[in-house]
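Okay, here's the structure, questions in a sec.
Note that the chains take the letters A, B, C and D in the order they are written out, and that residue 1 is the start of every chain.
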Amino acid sequence: MSDRGFTPNEMMTIAASRALKGDDVCFVGIGAPSAACNVARLTHAPDITLIYESGTIGTAPDVLPLSIGDGELCETAVTTVSVPEMFRYWLQGGRITIGFLGAAQLDRFGNINTTVIGDYDNPKTRLPGGGGAPEIASSAQKIYVTMAQSKRGMVDKIDFYTSFGHGEGGDHRKRIGIDTEGPALLITDLAIWEPDPETKEFTVVSLHPGVSREQVQETCGWTVKFADGVDETPAPTALELKTLRDLKARTEAAHKGAAGSGAKKGSKDG
Amino acid sequence: MATFMPLKQAVADNLRDGDTAAFEGFTHLIPTAAAHEAIRQGIKDLTLVRMTPDVVYDQMIGMGLAKKLVFSYAGNPGVGLLRRMRDAVENAYPRPIELEEHSHAAMANAYEAGAAGLPCAVFRGYLGAELARVNANIKQVTCPFSGEVLAAVPAVRPDATFIHAQKADRKGNVLIEGIIGIQKEAVLAAKRAVVTVEEVVEDFSDLHPNLTILPHWAITAVSVVPGGAHPSYTHGYYPRDNATYLEWDKIAADRELFRAWMDENVIKATPEDFAARVATLGAV
Amino acid sequence: MATFMPLKQAVADNLRDGDTAAFEGFTHLIPTAAAHEAIRQGIKDLTLVRMTPDVVYDQMIGMGLAKKLVFSYAGNPGVGLLRRMRDAVENAYPRPIELEEHSHAAMANAYEAGAAGLPCAVFRGYLGAELARVNANIKQVTCPFSGEVLAAVPAVRPDATFIHAQKADRKGNVLIEGIIGIQKEAVLAAKRAVVTVEEVVEDFSDLHPNLTILPHWAITAVSVVPGGAHPSYTHGYYPRDNATYLEWDKIAADRELFRAWMDENVIKATPEDFAARVATLGAV
Amino acid sequence: MSDRGFTPNEMMTIAASRALKGDDVCFVGIGAPSAACNVARLTHAPDITLIYESGTIGTAPDVLPLSIGDGELCETAVTTVSVPEMFRYWLQGGRITIGFLGAAQLDRFGNINTTVIGDYDNPKTRLPGGGGAPEIASSAQKIYVTMAQSKRGMVDKIDFYTSFGHGEGGDHRKRIGIDTEGPALLITDLAIWEPDPETKEFTVVSLHPGVSREQVQETCGWTVKFADGVDETPAPTALELKTLRDLKARTEAAHKGAAGSGAKKGSKDG
């Protein structure tokens, strides 16, 4: 923890939570920040609808799930439907306002790779794959991406297009027949980025407290563009921090109890 | 018509070398006991299908049962990658494995089409996604009304599907509840379907009419295996054993450690051992 | 976001002249009160959609609300033909009506496709059936894997769907149970959806997780109309009023008798009258 | 009632019930003889599965439903599913062994019309339409047809092909891509008919007790073919008759009670 009283990861989660509104219907997909969605629900957006691709609609877990199919998601949901219904009626049906995606590799246009590092047929590292991401990326009304910055993750050219962001930029989505907005926000541990209205390249619009432009550039594999007026992200409020930390503490305690042993917080799930 | 029989017999009767087989479960209700029985019986050359292959697919792949994997997300939920599967893909160990990789939407639609008796599924998908380049089973059809180009994938039609469920009644009707996933479709899409259950009850007459129940005549065999989803969970019976998922990350990282663990916990074990594994987890 | 409002306002806000509208119900839960409100408001030039148009569609057609009917089976359940609809089809009275006729399978798939956001539905159907000759909205697509020629119909996407359901909770989530029919799909396929319910309860926290519940944000308006499905029934509330269906056969046989009955029982009535109509039927 | 102690209609229902087996899965569609299916269930085939297109699977009503969506069908069913699922997974999925169809017009090859009398665009009589029949006819493994004989109903040429039977006979089904068996039995109030193995024309294989060949021909619009050895249908047994009559009496009583007035037994439903 920095002497500011919060970690970069906490800032990232809280900044992401602030981007969510009470009338949003969020598809919390593979590797997505469950924490951000649930902090939003527990602070300014109590009416937000959280959907996990396991079929739970309108879920309100007291602790963070370790997997997208945890029992508590079902127990606290408004309803739990089958997986085909989830993908057909709810995602493809256009009812998801925000699809939250993580990335192993991300490029400046919001294209995402979670499939392979290296060549597909002869990979250096075989990653888990896309899961719901290819269709979340095209069917959700908007996409928010969160990830911790690194040169390995934020790259000039991704090895595989698991899910399509803005392609080569501009109106590339439209040209291939996608009529949803696509990546609309990138929230990292250092900054908030928005796509340029014309080129669709991610552009830093806000730096987290104490973060310099140089830090952002050093941890990013492409030449970073900054908006004309770059804001400073408001620091987490006491309530936001307490909500996040309480949630994580409850999670830790619950999962220890259930499993009879320490369980680390979910990173990837299936 | 569902026949009640021991799991050993159900696997022997319904799973053959070279089959396309699905052991489905979406975090919840993963049919671990059935997969372990398949490993013990040394079934070979399987085409394994599953949306979310996890630990138990890592085990089957690591033991060399699979020549091909059809899937959409391969990971250890809440932990990370599947190390035995990586070893097969990256190093062809213990044997090469062919991948047919889809998105969740495609797999869900493909099972649905299988259950619906259709040759293919049609949906809006893979737009701009590179899987369409590397998977020859992703094609397109054009809507004859709007002209929209939609994605098409072949229906999934397993020779055998294995699932785990809460309970059967005496006739062999099966109840699945909670996160129901793709299990109904996986059973209805299959030529033969084996269901392991926690228990058998007299009848289902008290159940709400709209629950997910598979009629006995849509199932081939039912085997009673309490705890049979461990380390996954059974809603209403026992929670997920998160420690085992974490532990797997270490075991699967080493080929020898893996073999030793499999010998001890699978090869020398029986379906009856599952009950003890969930006994200490507490009820839910 | 579902807003609670009187039925009169819900119909006025959500149904317009020229709309494509579905008042769905499969014998069970037919939204009679909503259809009567549409008649009272004198809505015109509707394209009415329903798998099983029955008495209440006979009433709307007889009152001249419909310019077109999209359907798969038009009859008075347990009784016979729809006489007002026949008069419209055979004699253009009170106005000509265009028919777009499908099979049940096609309509069910078309609603499903509408709910799924697809432009069309693909299924195995209409083989050798002559509807394919007389309905230009029945086309074909070829499976790109098997070469099988499948049927395609456009998705049903109503401007407004009206259904009746058992209950809403205070947030406007809606529970449908028993014979659930096509109602979920009809709501999700529509631009606007109005649900009449028997009652509002505090919350749904005691319900089984896998029941058919429409989240409040998938619905436009909820109106509380006890008895609103009469003479159809609401599972758990009141039985079907078979006598009224029989009586209808006589009323609909005569243009003047029909008008007089409609004046008395619909034009001069209100949604509040439905409660009394089911009061004598006994509970179920 | 004839002096034989049963009516032709009772004989028809009971003959149809005998054609059903305990492991059959019957789709009881529009206008279909619910009575035959339920008599089978209450006599020799207690394990038979009855499915109504309203979504009720494995239903066991104590009284005959007036419509295919009666509440009792749901209350006594193993499970009740949505209508799209019914048509996709259960009918199209190939799980129905017997589809039972009625007809306004029927031809010698089992083709059925329930759509219009006269021209489609300018009909003499607008009938209810096909409902589930077009796909029941092609997706159920076999079709059984029941109807009371009349020259108006059993015609040389039907006005509209609502559902396809054997078309023009022979291998016509196969030629248009249908791989199910099609009409396999016709049970009337006078006789039992089976399709000729080659031509697929319905052929009388059994006459009900006391029925003559002339009576069959007089009530049929085409020249009737009789099998080489025509049997006599065994008369209803005492148990069969009692089961049918009790069922009808229970039905009458129940529907009177529920509706507060006499309700006639269902003929057509939707």
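Quick notes on this structure:
As a convention for this text, a contact is a pair of C-beta atoms (placed from the backbone, for glycine too) under 8 Å apart; a residue touches a chain by one contact, two chains touch by 3 or more.
Chain identities (UniProt): A, D = CoA-transferase subunit beta; B, C = CoA transferase subunit A.
Remember, predicted model here, so these are calculated numbers, not experimental data.
Touching subunit A and subunit C at once are the following chains: B. More contacting C-beta pairs link the chains of A-B than the other of the two pairs B-D and A-B.
Centroids built from CA atoms put subunit D at 57 Å from subunit A.
Rounded to a whole number, the gap between the C-alpha centres of subunit B and subunit C is 39 angstrom.
For the pair subunit A and subunit B, the distance between C-alpha centroids works out to 28 Å. In subunit B, the residues that reach two or more other chains under the touch definition are 112, 116-118, 123-124, 148, 178, 180, 184-185, 209-212.
Subunit A has residues 74, 80-81, 88, 92, 139 in contact with two or more other chains. In terms of inter-chain touching, the protein chains here follow a pattern that is not a line, ring, star or complete graph.
Pairs of chains meeting the touch criterion: A-B, A-C, B-C, B-D, C-D. Of all the residues in subunit A, the ones that touch subunit B in their complex are 30, 53-56, 66-71, 73-74, 80-84, 86-88, 91-92, 115, 120-121, 123-135, 137-139, 160-164, 167, 173, 176-178, 255, 258-270. In the complex of the two chains, the subunit A residues touching subunit C come out as 23, 25, 49, 57-58, 74-75, 77-81, 88-89, 92-95, 139. Note for the complex: subunit B touches subunit C at residues 116-120, 122-124, 137, 139-146, 148, 150, 152, 154, 177-178, 180, 208-212. Only residues 1, 112, 115-118, 173, 184-185, 188, 204, 209-213, 215, 217-218 of subunit B touch subunit D when the two sit together in their complex. Note for the complex: subunit B touches subunit A at residues 26-28, 51-54, 71-82, 85-86, 89-90, 101, 103-105, 108-109, 111-112, 123-131, 134, 148-149, 178-182, 184-185, 212, 233, 235, 239-246, 280-282, 284.
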